[in-house]
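One chain, subunit A, links the two complexes that follow: it is found with subunit B in the first and with subunit C in the second.
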Partner chain A sequence: MMRRRSTSLKVLALTGFAFLYLPIVTMVVLSFNESRLVTVWSGFSPKWYGELLQDDQILGAAAISLKIAFISASLAVVLGTLAGFALSRFNKFRGKVALTGMVSAPLVMPEVITGLALLLLFVAMEGLLGWPKGRGVVTLIISHVTFCMAYVAVVVQSRLADMDGVIEEAALDLGARPWRVFVDITLPMIAPALVSGWLLSFTVSFDDLVISAFVSGPGYSTLPMVIFSKVRLGVSPEVNALATMMIVVVGIGVVLFTWNAARLHRMRQREERAAAAGL
Partner chain B sequence: MSGGDHTAAQAAPGQGVASRPGPGPAVSWLGQRLRLRVPKGLGRGVVSGIPLGWLLVFFLLPFAVVLKISLADTAIAMPPYTALLDWDGEAVATLQLNFGKYLFLLEDTLYLAAYAGSLKVAAVSTLFCLLIGYPMALFIARQPAERRPLWLALVILPFWTSLLLRVYAWIGLLQHNGVINNILISLGIIDQPLVMMQTDFAVYLGVVYTYLPFMVLPLYATLEKLDDTLLEAAADLGSAPWKAFLTVTLPLSRPGMVAGSMLVFIPAVGEFVIPALMGGPDTLMIGRVLWDEFFNNRDWPMASAVAVVMMVVLVIPVMLLRNGQNKTAEHG
Partner chain C sequence: MTQASLAQAADPRKPWTDPAAQPFVRIEAVTKKFLDFTAVDAVSLDIYRSELFCLLGGSGSGKSTLLRMLAGFETPTSGRIIIDGQDMTDVPPYERPINMMFQSYALFPHMSVEQNVAYGLKQDGVPKADIARRVAEMLDLVKMGSFARRKPHQLSGGQRQRVALARSLVKRPKLLLLDEPLGALDKKLREETQFELMKIQQALGITFIVVTHDQEEAMTLSSRMGVMNHGHIVQVGEPHDLYEFPGSRFVAEFIGSVNLFEGTLVEDEPDHVRIESPDAGCTLYVNHGISSAPAQQVEVAIRPEKIRLSRQHPGQTDNVSAGVIDEIAYMGNLSIFQIRLNSGKMIRVTRPNLDRYDEMPLQPKEPVFCSWGPASGVVLSA
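So, the complex of A and B:
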């Protein structure tokens, strides 16, 4: 019954996927182009990768970005988990409405607004409290944590919504302290959500240009800021090589993660079936 | 809750403190469970208070600062704006509010055109994301369950790679001596390169491309949950597949369409990177105007006023979308 329609659906969907991947594939191919005239093919060469690895400006910026992404993602997982846990497991608490509204707002808020707002806050705070001193790593991390924790909270919240609280309740009924229940039961069960939340935060932080441009100070150019200034001057084969490397790393990560998630999903289903059969 | 407390109190004298659920077992047991369901008191306050406090200071408070500075005047100083509150040493403080920036916003047609341009780009792009993303989401939802994660990963993968680099990839395709022009010329279809970069077309393309995953994912989440038996029933009753789609699938997927549109439209209004890199000098978008006010003109109060008005402009579509979502939730 569905089959008649499914051919046209398939064509439309695959066109959509082709649209998503056309520029990415082109960029990967062009990164091996020998010519400096990026888009004119003159032969295969990995030389731009070599040049990339000698570009101190890019390497320095990449190091700053990696450091900030690592710290921000880790802090965001802690704060986002607390927020997600509170929102899905506490019936009522003071500020629940405020937290619900604020926790997902950074996801859709236009970045120019968030960036400007945070910068103005930091300047005002420095004037009033003398902290944070200037703009740099600290202001970058605070800003990144703020929008990354939204991703973590959403992921954790949806994971907790999928699990009913039966096991946690059983442990509480049997007299376990709430903290122990959280550490021994809730945390292991939401571990996959924490991992994907961390990875998501890491990439979002690593990619951020607009907010970082507002809140960073001189000497703290992140990788996207360096790429942006390079791209503004024109297309460069080095950037193609950089992009390809990032895509390969991310691609491997996503494939491994998806594969693992699918495997866990199958395992859980099998266990559930076995449990159901046992009953 | 009060019912639970009541039964617990009743049971206490006869039962002792550490008793198991006793007489009237169902009620008292339920009461205990309700009371124990969440850790109360200090722990709860800390757990919810930390993220709440963080967001109050670093998300809500900044907007108050933006509002405040939008009412200041530009000054040649660091920070480059005048103070609203002046203490003259005595107990007299003068409040200086300056609505000049807002008046200027309304008078200068450049700003109005930029707001209108942003809304237009965001609306048209949202529509195209919906048109391209819907078949993709439906296709994935109709795949066998074990193959869906793979297709989903294919949607998510571009989202995990840098936005900047994906925009940059399009520049390589679209520019004057870019891949598309080279191919078309070598095939003899055109003899002059098409002008695609630095046009409104490029901006639309960039926005649709960038935000497409944000449309597909919520759509998929809704379509995946759809009850297949409804479609089977429609087919059994003689409905053509396209008609079953229009009368069953499409209306039921409205929450996903609304959520996806919201995730595309709102950030697209404030988009900066795409118009800056792909748009022409006459591509007016408000995110770019704000950026230029801040970084090039160093007019912080003006940038703040632009941001405040942008949020006001965004409130209406957000409310509309939210209403739509609530209505669907009620119907569903």
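So, the complex of A and C:
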């Protein structure tokens, strides 16, 4: 009976994972196809990876994407932390519930609408204020910060909700001013949430296509935009190779993060057991 | 209540008996409302220097809210809080000469024991060498000197409690607030720690205000205690006074256990009262007068340990009632008797087990007489 159940569990798990990863495996395999025709297998070759490194358009787009993702994630962590902190730590104020809902709205807002709204705003601002001049890196960063910040705010808010507000009160009680309490107590305690908020923002920003398409200008194509425009002309093995490399980079990050979190968790458990045993 | 002590010269250890003494903490008609809910309702309370004052009450009685207003985490809706002559009502917590020990200890998880204790001194800009010395002294006082480098999660519950105490004492506050300081410890450790806490308080002479729901803890620790219910302070007094002279049914029942008899006042003289009580099945005689209308319905409270049990009638006419033993619970040091009086009322009587072996022990279902002296009962006004 047990045996049968564990077998069927295995089958279910395999089906699930196949559903998730079969498309990616297909793409990775095909990126090593020698043939220019994507669906016709003519032999193993890493040559498309070589060609990728010669392609200035792709290298340029990758540089822009990395830069935007890095800056956006960093700014989003700062702004999102402040928003999350205000929403979970300030006493009840008028409209707190409405604001809490509004902060996470960008997560569910259709990207097409967000993109269009941002584009209209930038055009209006340029007309009225003369800034930002045209569309490019600045508008991309501002746009990415708006939705990345929502992710960070949600992550930070939930971490702060778990965290005992009494610990901050204890610091106030010991004579620390509110700003010191934030720096000395709150920030170190929510640091893991900031790291995951940053990683999440970086990935989301690096991935974004729709909003970027609205707010970027000529000469400022991000990597997903380049891939998309290339694919419209037909899927090429070069694009497969590029996508595979993106997966490898993101995958390494995720593995490192998970491994680190698990290690910290094990360490803490060991120490708690030792303390319980009275060592 | 303590007429005897008031008549004598004021006891320096009991400043509240001296009408000329200046209170150290004055709570003046403090009210705290949360939306429609009144957590603390017009509470006035004076606490004197070096007192160990316990606020005792159930959950929702307002005791924690009152403590949080003293610490500065909540602002009173109305009323004033004066500490050592200074109005503290609107002073933020980080500018009050007060520290608090939290129920959950609230240690900073990312700092070592040493850093936790040093944090308050660092905020005041105390020189580094002084910080190190004072932290070491304080950790020695709470016997945690050898754990200075540990992180909080490497400590047991009792050790964390000591660190929390050291951290709240190291700044030598004028007033220390303790929120259920022993609540998270197991029974044995709690009893040991109670006495240690009293010793530390006496050694440092700091005024302590302790919030607790545990009446035994309050009785053991406090110089005086205030019983809270529904946002009011019901009664303030020394533990002995509150136990022996409860002013209301609530206090009588909250502190210790009690037998309550209803009856009608038939005789009200300055030196005694007589109460006809069908409830008790006898006339109740209490040797203190009360001022009330004749024929008033009153309640008399009698503590279980003040009732004697005997097989023979004790020979007195008042304060004696016959009944049958229903249950006996043997507790080791004492036995608890449940007795059904002939009136049908169940009462509780405790008797110390003076001898190891009783020749003729009282048995369940045995008829007995319950009797008590004229000074044993208390007439409750409310």
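Throughout what follows, the second predicted complex is superposed on the first by the 248 of 279 C-alpha atoms of A that agree within 3 Å, B and C clash if a C-alpha of one lies under 4 Å from a C-alpha of the other, contacts with A are read in each partner's own complex, and residues count from 1 in each chain.
Basically, a residue touches a chain if its C-beta (ideal position, glycine included) is under 8 Å from a C-beta of that chain, and two chains touch if they have at least 3 such contacts.
Note that the coordinates shown come from a computational prediction; the quantities given were computed from them, not determined experimentally.
Asker: Contacts for A:Phe90 in the overlay, against subunit B (first) and subunit C (second): which applies, first, second, both or neither?
Answerer: first
Asker: Report for A:Gln57: first if it touches subunit B alone, second if subunit C alone, otherwise both or neither.
Answerer: Touch status of A:Gln57: no partner.
Asker: Touch test for A:Asp164: subunit B only (first), subunit C only (second), both, or neither?
Answerer: A:Asp164: touches subunit C, not subunit B.
Asker: Scan A:Asn260 for contacts with subunit B and subunit C and give back first, second, both or neither.
Answerer: In the superposition, A:Asn260 touches no partner, neither subunit B nor subunit C.
Asker: Examine A:Leu172 and indicate which partner it touches, taking first as subunit B and second as subunit C; both and neither are also allowed.
Answerer: Both partners.
Asker: Could you tell me if A:Pro188 is touching subunit B, subunit C, both of them or neither one (first, second, both, neither)?
Answerer: After superposing on A, A:Pro188 lies in contact with subunit C but is clear of subunit B.
Asker: Which of the two partners, first being subunit B and second being subunit C, lies in contact with A:Ser42: first, second, both, or neither?
Answerer: In the superposition, A:Ser42 contacts neither subunit B nor subunit C.
Asker: Kindly classify A:Val235 by the partners it touches after superposition: subunit B alone (first), subunit C alone (second), both, or neither?
Answerer: The answer is first: A:Val235 touches subunit B but not subunit C.
Asker: I want to verify the contact counts: of subunit B and subunit C, which reaches more residues of subunit A?
Answerer: With both complexes superposed on chain A, more residues of subunit A are touched by B.
Asker: Common interface residues of subunit A with subunit B and subunit C?
Answerer: Common to the two interfaces on subunit A: residues 169, 172-173, 178.
Asker: In their shared complex, at which residues does subunit B touch subunit A?
Answerer: Subunit B reaches subunit A through residues 32-33, 36-39, 43-45, 47-52, 54-56, 58-63, 65-66, 69, 79, 132-133, 135-136, 138-140, 142, 146, 149-150, 152-158, 160-166, 168-173, 175, 177-179, 182, 209, 212-213, 216, 231-232, 235, 241-242, 245, 262-263, 266-267, 269-273, 276-277, 287, 290-291, 294-295, 300, 303-304, 307, 310-311, 314.
Asker: Help me check something: in the complex, which residues belonging to subunit A touch subunit B?
Answerer: Going through subunit A, the ones touching subunit B are 1-2, 4-6, 9-10, 12-17, 19-24, 26-27, 30, 37-40, 79-80, 82-83, 85-86, 89-91, 93-96, 98-99, 102-103, 105-114, 116-118, 120-121, 123-124, 127, 142-143, 145-146, 149, 153, 165, 169, 172-173, 178-179, 181-182, 203, 206-207, 209-210, 213-214, 224, 227-228, 231-232, 235, 239-240, 242-243, 246-247, 250-251, 253-255, 258, 261-262, 265-266.
Asker: Spell out the part of subunit C that touches subunit A in their complex, as residue ranges.
Answerer: Against subunit A, the touching part of subunit C is residues 71-73, 92-95, 98-100, 102, 104, 106-110, 119-120, 123-124, 151, 153-156, 167-168, 171.
Asker: Please name which positions on subunit A make contact with subunit C in the complex.
Answerer: Residues 164, 166-167, 169-178, 180, 184-185, 188-189, 268, 271-272, 274-276, 278.
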